[in-house]
Each structure stands twice: as structure tokens, then as C-alpha cells.
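The structure appears right after this line, and notes come after that.
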């Protein structure tokens, strides 16, 4: 009797799952959309072939960051509607093993290409895709030089577009400098994942510190230039500490993402130090500092353009924002699609491309608003289909010029 | 027990902690409570830890382990903050809604438990997953940010936290020591079978326990949300971490409870860990060092707790000169 | 006289077992009705249903002529039917007062709050009323000994001045003082024209206390005896449904017990449980140990098996000192604990698991590898030898009757050929049929030259089975009796109190 | 006689319910195949994939069953796996020998297990809380190791070194050998029997001459071996390790064991296979979610529902009038 009940329950479970399979998005929905029709006429010359659906897997190491969500929105709510492609997103990828599994999943699901936002083990990802004949592209990141040398000639390695470490370094440098130029001397810093030895954050931090050294005519951990600073930070086990840098001072520093009482306490302590004039964050500064910031204190952050961050800039809580724009991952998509459809974009030596791409920088609310308006648009994003189509099977030169012109105004010109 | 012994037993640990923390910080030439802010940090931590400790202890004492407390805090703070932002509420309204939401979620997880009649630890795993997923879905993964809602951030003040602490403590003592529910809770706690056979209705009692725990976590969620103005989403059990900070204070509370009132004990336990957190802040200790010390403290105290008898015997022998 | 209690055609089953089949009982005001029967005969079930602890599958109940359907024990008690249960009915973690008014806190709530003072005062009064004034109502029940906790339960029931009182197997665990308190209460209720339903294993006791006596077996009513019809053998027969072949206990009185000492305890001390206790156990001897439930004899059993450790003094088995249970087992000791379900058996495990676990070293290859065949054989032998009633050895012990459970507990030790058995209340809550089988087994083992330390609260069986009988009082041995037909319970009791 | 019949019926019912996890597995597999066909999925590759993804949890969780059988609980297994893998990788980089790496992984994992269990039994601490402390210790240790190794935020074994053994057959072999070992220990040795009995009723076990502390230590040691093998497999699968390595494995193990029908109270009803069944089921479930490309949040909610449902069915309902604890 009870047994019967229970097996009914099993049935119910089955039904649940099946009904889900029903509501899951059907790959063929997107076929024959309006643009598809228009494009198909002269597919071979310009614009990709929309006749058959292309499945592209997307590796994401982080599913909750504003940046990741903005990117996802651009792909799913603009690109996927414009082109006959289906994006398949991975779950949150904590480690290299998770990345490998995710790629396996994509391959099993017959993805033709993979665009990666996950960097736990890029070489492994590339090898895996090469071995399985799946195109692979790096979005918002780059390979190290030796990695590039190793993989540039791989057939299925499309290439990389994104801020290289130097760009990250410069982002930090410029942010600090812009405040230093305004004559501020006393800084508090949030180091993000620096204590976890995360390069991106280490380089941004280094940039800020070098800027301080130059302005203050002093040294930090005995270093004052790019190379020296990176070394010094690793030397210190990536545990930074407050220090006087000539006539500039790093008054307070917090690193890590503990989210416990002590962590909040430390952040509050830095923000509330009467000496601190400017708060700098290598990332997620809005989470770290915005809550504790005092009146008149300045806050600079490297993140992305969201409703919230813009609101913060309007309210003067956030004063400087270097942010990736969500459409910045348009070109890599087109390069990938192009490769999948047999028009790979290779440089003069026939190798995969590696193109640097920086941030949009806003130091006032108006700019930020303008950026966000474009960035969040689902109809007229920074890179529209019309613009991207010009990249289909484009020459390396055209492609590089297009990508390199990433600043807001340059893109505006491209659009015309 | 003599009143003197009671007082000593009750205050020994907090005072010891205070002394230790004070000495260590002193040795490093740092004043523990230099600024108003240090006090705020301390009180906030105390309130925060106390809420979680109560929430966990209510059910853990009756053998119901609950992985879902963190997710309840997460989801209830998401709900309340979403509403507060949409309707332009002040902190008080948000706090109340957060508590109610928490209570409701707690009730739900309790209801699941009493319906499926599975071991609570299993149920709580599922509930945690579910609530995390729901919070994620509600916010579309974005989490919630009200960093520029000064009104909400403004809640984080010493008097406010003091009020929360006092009210919670009063509430807990009244509910658990002076009401029918409390008496029946105690009976079920140490004599489940007998109590049930005698006609005490366990299910309503359990439901109320979960509801109260939920309400407390609602308040805790509100505090951590308004402390830094954003709510981070978490998936795959990312939400269980707040639970861990409750263990040390819970054991300390249990210990103190033997001399006076266990609720008071939990509060004092929270005070102890808040003092330790403050020390971490003042000395700007790196998180690895933090994790290690906290873990060692927990183990150390447990060892003491579980070997008190032996230790005493040891001393007695010493006195005997054996 | 008015019918206070009436039960009509009540039936109840627990999963596989039929606990009650169409049982009808009536009890009158001013009488003490005895219920007797083997374990699982249903006597506790029928009364516990009437007292609101559980519900029947079918049948009607009446109280004072009106239909009766209590929702819980408190509800029943509030309406005049109280029950003192067999197992422990107090909650250790709360005070005596809270226990006495468990589930009735609302009586003392003013608004939201509970008035502890008032509760404690009334509880104290309730204790005094039944002559248990020595217990303080404000201490946690966990701090009381077993007897006092029972008294608390009695006070809890009597505080409600019930017009029907059910006493289920309570007296076995009580000292004379405790028993007297209960007898006194029963007498008083009888005098007040109220009803007592008295359940006991002790035939003498029940015949002495009851005006009528109803015998149950396998959930059916077999026969009701009126006082003048009382005849021990007739009652026993109707209880187990057949003539008891041969005598109940062993009949011989030869002094042929061995003289070789197999177990020797010397000046053992352990808090108030063992006070400078010395004793010897010989080969081929059944050594009885008697006393009040808290005289320390149960502790002695545990200590001699190495399960508890004496603070001072020593004991040896075959001349070797024993430090723990494992060593004890190596020396051929076996121990059947008093509390069967929580100490002797793992009830959620199968018969096979329970029997084989103690004997793995006997049949496991190289003391490591378990071959299903060998195990089946090993367990099968015990199941057969002890005639354990079960569908298969894979059946969960929890589904067995008390008697069969105890047989499994025995099987653990007989299987591995233990030659010294420490039996703590081996026939507690075991029906006469099994009881008799156990006595036979003990005697057979004795004849095989094995030694048995029989710790028991039932004087009859001690006197009936032991070659020697040691009486314990306050942790030390107060008297030694040798086996003789003249030995009477009275003599023994005198040295116990 | 009638009672006999009823008892038999009870037992068959019990057995049926005990099979629920297996049925759940079969059902999930059916659903998976159905969807695989609808969405034309590369099925052979999927199978390889499913093995790849479940093997680590299977190995880790199967060992952990011994701990659960005692009715205790270890939440630090994931962290332990991480630390073992990190040290294993470092060992390889020093020695250049896969054997050394394997031995280090297993050795470290066993050592960690022994530390928590010995600590717990010597000072008779509640095991679960001890492992909670262990969890944060190990997390901190992982970071220290990475720092000490000084190669950025990761510790790497050259991919080429492990490519040779990163194939399904090696994994299956490791898994089956260890599974075989555990099944043997659990069902056919004195130790396994004692573990179950200890979990079922510690008091009775003591009075039957079992040494609870030694049993606990043994159980943890066996679990340690599993975690060590898991660490080894993790390296071979993804030779780049970070502080986040295996961060999800800890909870996956708990979920899998329960999903596979293991009673958290342990004891006689413990099943050594539950871990394997549960782990594979969870992997299948994840595959289904992915193929349906459910949004992370929804996906997790569905997972939770299915989890509780299956467990509800599999737990044989010998529940009295009191709530389980």
C-alpha cells in the first residue's frame, strides 16, 4: 500500500524531469529568424550562414559576478536572437577539473565551438578542444607568450581577445594616477584575490602601487617600477600591507573574500580611517567599500557597467570605474562562428590571433550613464550585428583594427 | 550550586577571552577599542554571531542538524531588500519583513521535515539547495545591491545592534524558559519518546522551533546585507558557511549554561568570538592565520569540554600528592 | 457495583504481529483486576490503549458507562484514567515538578508565562501525598535513581486522583519500600470504590493483590479467575497453553558443584556500587546474586565482564586479570545485560548479525574472512538449539518477541562456547515458556561444568536455580546461602533490606 | 501461519524500498537516454564523460561509507582531497614518478583522516565538529602550500606526464579495484561486520568486545585511501590544481551517499554500494540539467526536489510516532 504510494512518487519524479525536457529551450527555435532570411541571400560575401544552427559552449568560472551576467545577457539576449546559434552555458567552474568536465559536456552535446571565460587551466582546455576537433576561443583574457607560441598554430585554436596582464597593470596604474593627479595622497586599497595569487588582481594592484611610487617619489617593498613591483608582491607572499610611499601613503589594505565579521571589520576600518581620502579596489570595490565609505571619500573600482554601478556614480559613491563593456565579446564570437563555418581568421603567418582589448573608463556619472545606455541595450549594443558581420571571414588586419578600436568613441565611429 | 560559583562559571570564559585578547593586542601595541568603529565592529559581530548561534542551537540541541540556516538568511534578505528597494522602505520595515520572511522559510523547511519524516540533516541539505536556487532565480544571479541607499546602510549603528541583541536575548529567554512551548521543548529535548507518549505534540513544537530559527536567520541576513550594502549570491552550498561561526559560541554557551542560563551562555559565547574577530581586525591578521587560529580554538575548547572530568581527576590526584 | 472500565472486541496489530484479537475486558469500581500473560500476550497493549498511549484498530471502549476515546495519556489522565508504565516514564532533563505536570503546563500559565513556583509547590504536595516526600520537586529527574523516578511517575498519576489506575509491571523493578507504596495506593483506591488494573509477572504477588485475574495469551483472553479459583498451576497452564512438563526450576539439591575457582574478585570498590566486595565463582556452579535493584549487583556484573572499571581491588578469570570486554571474551566469559534492547542486542540488525558478531573469531577464516556458508551454519546451529521463532535468520531482531530476543542474546554466547556466563536478569520480561527453556539451558550448562553468575531481582528463580546465593546490600555482600529446599524468600529478603 | 506471511511481505517490501535508489538510477538513465536521443547527443562520448565525472566522487564516497556506517560524518573530505592532490603534485614535480605521486596522495589523505579520527577518539570529541575544524585548517593549509610552491595561484603537473593515464580504462580500473576492496572489507570481513554493528548500537557493541575507537580509526583510514585515490584521479584528469580544487567534492560526497540510499544513522542497514549508485545518479542528473540548459538557479531547485523525493522513497519507513533525529 505504502509501497504503491512511493512508486507513484517515482512516477511523479519522472514526469517532473520529462516536463522539464519539454520546457528546455529547443535548438531549432532560432532557425529562420528575420535576419537569417535577409542574410542568407548573400551569405558567402558578407555575414555568416544562418541556415543551420551552430551550438557554442561557453565556459564561465563565475556565474554571479555582474560582469559575467552582463556578458551572458549580450550573448543570450542579443547575439542568440540575431544569429542562428545556441549558447550552452557551463555551471560555475571552480577548478581545472570542472573546466575539463564542462568541455566534455559541451562535446557530448555536439557543440561546434567553445568560448572560454574560465582560466584555471587554459592550455588543458586548448589541448582538449584540439584533440576533439572543437574550435576554442579565449574571451576577456590572453595567453602567456610561451602558451601562445605553443598553441598559435593549432587548427582549432581561434585566438584570444581581451586585456592582457599589461592592460590589467595599466588599468590599475591609470586609476590610481587619476586620483593622484587630483592631488590625493592617502589611499586605502582592496586587493581582491591578490592573497590567492590571482595574477589579474596582482597586476592591477601593482599598477596602483607603481603609480603611487611615481607620484610620491618613494618605493613600496623597495620597488617602484613594473617589474620590480610584481616581484616584490610575490616576494611578500602576495600579502600586502599599509606603507608610506614617499609623500603618498597606503594607509590601509584588505585582501581576500572571507565575507566574515573580521573581513567586514577590516574593510570598515580602512574606509573609516580619517586619513584615507581615496579607496581603490582591484575589483568588486562596490561590494567591499561602498557600504562603509565616508562622505567626501573617493572610490575607484575596476569592474563593469551595471545599473547599480551607474547609480553609485550618480550618487557620488563611486567616482572612477574602469569596466569591460558587455559587447566587447562580440568580435571573438564572430571570429569563432566564422571559423566554424570555414572562414577562420588567421594572422599573416597563418596563426591564431591574440589581440589586446582594454576597458571603458568613466570618471563621472554622465559618461558612465552614456556607456551603460549603450552597453545594456538589447537592440543597439556597442557591437551590432551589422558591425560584426563585417568581420565574417575578414582579413586579420581588418579584424585587428576593429578590435583595437575598443574605446567608446572609436566604436561610435565604427558604427557610422 | 552556590551563587558565587554560578557567577564565576558564567563570566570566566568571556573575561578570560577579553583578557587574552587585550593582552595580545596590547603586546602588539594596539588599543582594542581605539575608535567608535572598533566598538561597532565588535557589537555587530556579537549580534551577528549570536543570531546564528541561537538559530543553530535551537534545533541542534534537539538533535536536528540544520545545513539550511545560511540559505534562509540569504533568501530572506533577498526578499526583504528587493521589496525595500522597490517600495522605498526604511531599515525598520526591511528588518521586519526580513524576519517574517525568515520565519516563513523556516516554517517551510520545518514543514518539509515533519512531512517527509527524514533525518533533518538530509532535509536541510535539500532545503539549502532549494533556497539558494530560489534566491539566485529571484535576483537573476545578480544579487542585490543598495550601496547608495544611505537609509538602509545607516542601520549599522551601535545602539541598533544593542537593541537587536537585547530584544533577541529577552525573546529567547522568555520563549524558551517561561512559556508552555519552552517547557515542552525541554521535555522533548531530553525525553522525546516519553514526552510524546505523554501527549506532548511534537510536530507543532518542531515547526515552531524551525520558524523561530528562521526568524533569527532573517534578522542575521538583514544585518549582513545592510552591513556592506550588497547581497552576494551563492550556489552549491555556498550558503552554509555562516553556520560554521556558530559552533565555538555554541559550545561555550553550553558550558556557561551549566552555571546559569544557556541563552545567556550563547550570547556570551558570541561575545567571545566577537572579541576574537575584533582582534583579527585590529591586528589585520591574514585570513589563513585567522582560519587556523579559529579551528585550533574550537578543537582546544572541545578537548577541554570533553575531558573536564579527567582533567579534574588529574588535579585532584595532584593535590593528593599521588 | 458500577462498571468503571469496559472494553469491547478490541483488536490491534503491529505490522506482522497480532497484539490483540477481539479482546473484551470489564473492571468494576472497588476492585483490583489482575492481568497476567506471557510477553506479547497483549496485556500491556490493551491497557495502554485504554490509557490513551496508542489507538486500537477496532473495538469500543467505555468509561463509567460512557464511550471512551482518550486522545493522549494526559487527556486520559485528566479525565480519570491513569497508567504507570513499565519502562521509564520520566524525562531526565527536566525537573521532577515539570515531569509531574508534563503536558499540562497550561494549568500553570498566567497569560503567556508559566508559574514555576506554583508548579513546584503542587508537585511537592503530590509527592508527599503518596509518601514520597523524600524526593524534592525542584531537582532534575535525571538525578534520581530508578526507584525514585518510578515514584515520581506514580505521584504524577495520583496527583490527578484518577478513578481508574493501571499499574503495568512496575513493581518488579522496585524495592520493598516502593512496592509497599504502590500496594498502599491500590488499597486506598479500592477502599474509595475506584478501580485498579494490576499487571505483573509475579504470580504470587498478583494472586495476593487482585480480586480477579484475567489471563491473556497471543492477544486473546483465555480465562478469568475469581479469587477463590486461584491455583498457580492452572493459571500457568492457561498462560502458556500447555502443561509445564517437569518442574519449573531445577529439582535437584546435590552439592555437586565444582570447587575449582574460575573467577575470583578481590576487594572491589566502585563509588557506592561496590564496597570492598570479594567473591569466587566455581566451575560447574550456578552462583546467584540477589538484592534490591540498586544494591550494586548489576554494576558487579558489568565490572566482572570488564565493561566497567573498579576504582580499587582486582579480579581474575582463570587466574588472568581482565582489562576489557575483549579480554573477558578471550577467557570464555559471556555477558547478557539487564537492558536487552539497548545493551544486549542491536535491534535494527538481523538475527544473523547479532549472533555471529560475538563469534566471528570462531568461524572467520584466519579471524578475518567471513564465508557466508560458514556463518549460515554457525548461526543456524544456535537458532535451532535455542528454538528461536523466526521466519529466517535475516529477520530483524526488532520484529521478535521479548523471549525470542533474549534467546538471540543467549545465542551470542552459547555459540562461541563461553564457559562462564554472567546473566543479568536473564528472564526479565520473558514469558514463562522461554523462562523455562532458559532454566533448562542454564542447568544443562552447569552439568557441562560451565559456570553461571545469575544476577536477578526475582528471588524465586535465585532460590530455585542457584547452588550458592550471595545477597548484596549497599555494594557489599551481606549474606551467603547454600542451596537447600528449606531456603525461603523471607530469609533472603531479610538480608536485602 | 499467517504471521509468517506478513513478516515475509514486510521483508519483501523492505527489499523493494531498498532498491529505490537503483530504480532512481535506472529512471534517471532512461530519462537521460530519452533526452540524449531527442537532442541528438554524442552518446558514446557521454558515457566516457559520465565515467570521468563520477569516478572521483564514487571513489571518495565509497570510502566515506565506512564513516557513515558508524553514524558519524566527515565534512572535510573535499578539503582533504585538495591538500592531498596539491602535495601529490608537488611530490611528482620533485620526483618525476607517478608512483610517488600516487603514494603521496594516498599517504597524505590517510594521514589527514587519521589525525581527525585519532584526535576525535583520544579526546572523545564529536567527530563531525572535529572535521569542521579540520575543514578550515585544510583550507588554510592549501593556500599555504600554493604560496610555498611559488608558481602563481596554481600547482601544476606537466600535462604530458599524466596524459598517458588519463583515460577511462585506468579510471575504471582504479575505481573497480577500490570498490572491490571496499565491498570485500565491508561485507566479507570481521572489520566490516564490526563497523556495521558498532554503528547499529555502540553500547551493545562495547559489551560484545568491540573497540569503538579502533573501529572509528579504521573507518577513517579506509575513507582516507578513497580520498587519496580521488586526489590521484583528480590530478590525472586536471593536472592544474588550485585552492579551489575539489571544492565541491566534499558536499558531492555527502549528497551522493544519501542519494544512494545510505541511512545517515548508519548501522546494519548501511549499504556499501550506495555511494557508487548515488554518485552516478547525481552525475546523470547534472547531465540532464545541462542538456536541458536549465538556468543555474532553477536547475539547483529541481535537483533539490528530486534528491529529497528519491531519498524519501528509499528510506524504509520504520518510523514511530516520534520525529527522526
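First chain written, first letter: the chains are A, B, C and D, and each begins at residue 1.
One rule holds for everything that comes next: a residue touches a chain if its C-beta (ideal position, glycine included) is under 8 Å from a C-beta of that chain, and two chains touch if they have at least 3 such contacts.
For clarity, every value in this text was computed on a predicted model and none was experimentally measured.
Asker: Shortest hop count from subunit B to subunit D along touching chains?
Answerer: 1
Asker: Which chain's mean C-alpha position is the greatest distance from subunit D's?
Answerer: The chain lying farthest from subunit D is C.
Asker: Any chance you could check whether A-D or B-C wins on number of contacting C-beta pairs?
Answerer: Of A-D and B-C, it is A-D that has more C-beta pairs in contact.
Asker: Give, as an integer number of Å, the spacing between the C-alpha centres of subunit D and subunit A.
Answerer: 35
Asker: Averaging over Cα atoms per chain, report the distance between subunit C and subunit D in Å.
Answerer: The mean C-alpha positions of subunit C and subunit D differ by 44 Å.
Asker: Taking each chain's centre as the mean of its CA atoms, how far is subunit A from subunit C in angstrom?
Answerer: Their C-alpha centroids are separated by 73 Å.
Asker: Give the residues of subunit A touching no fewer than two other chains, as numbers and ranges.
Answerer: As it turns out, subunit A has residues touching two or more other chains at 63, 91-92, 195.
Asker: Of all residues in subunit C, which are in touch with two or more distinct other chains?
Answerer: As it turns out, subunit C has no residue touching two or more other chains.
Asker: Can you list the subunit B residues in contact with two or more other chains?
Answerer: Those would be 136, 141, 197, 235-236, 287.
Asker: Can you list every touching chain pair?
Answerer: Every pair of chains meeting the touch criterion: A-B, A-D, B-C, B-D, C-D.
Asker: Which residues of subunit C touch subunit B in their complex?
Answerer: Of all residues in subunit C, those touching subunit B are 52-53, 71-75, 85, 88-94, 98, 102-103, 105-106, 109, 112-114, 142.
Asker: Quick one: which bits of subunit D touch subunit B in the complex? Just the residue numbers, please.
Answerer: Contact set of subunit D toward subunit B: 73, 119, 123-126, 129-130, 132-137, 139-140, 143-144, 248, 251, 254-255, 258, 263-265, 295-301, 303-305, 307-308, 311-312, 315, 317, 319, 321-325.
Asker: What does subunit B use to touch subunit C in their complex?
Answerer: Subunit B residues touching subunit C: 174, 178-180, 182-184, 186-187, 189-191, 194-195, 197-200.
Asker: Tell me, which parts of subunit D touch subunit A in their complex?
Answerer: 13, 16-17, 20, 23-24, 27-28, 31, 34-35, 38-42, 45-46, 48-49, 52-53, 56, 143, 146-147, 150, 152-154, 156, 159, 234, 237-248, 286-288, 290-294, 296, 299, 302, 305-306, 309-310, 312-313, 317
Asker: Any idea which subunit D residues touch subunit C in the complex?
Answerer: Subunit D reaches subunit C through residues 3-4, 6-8, 10-11, 187-191, 193-194, 196-197, 200-201, 203-211, 267-269, 318, 321.
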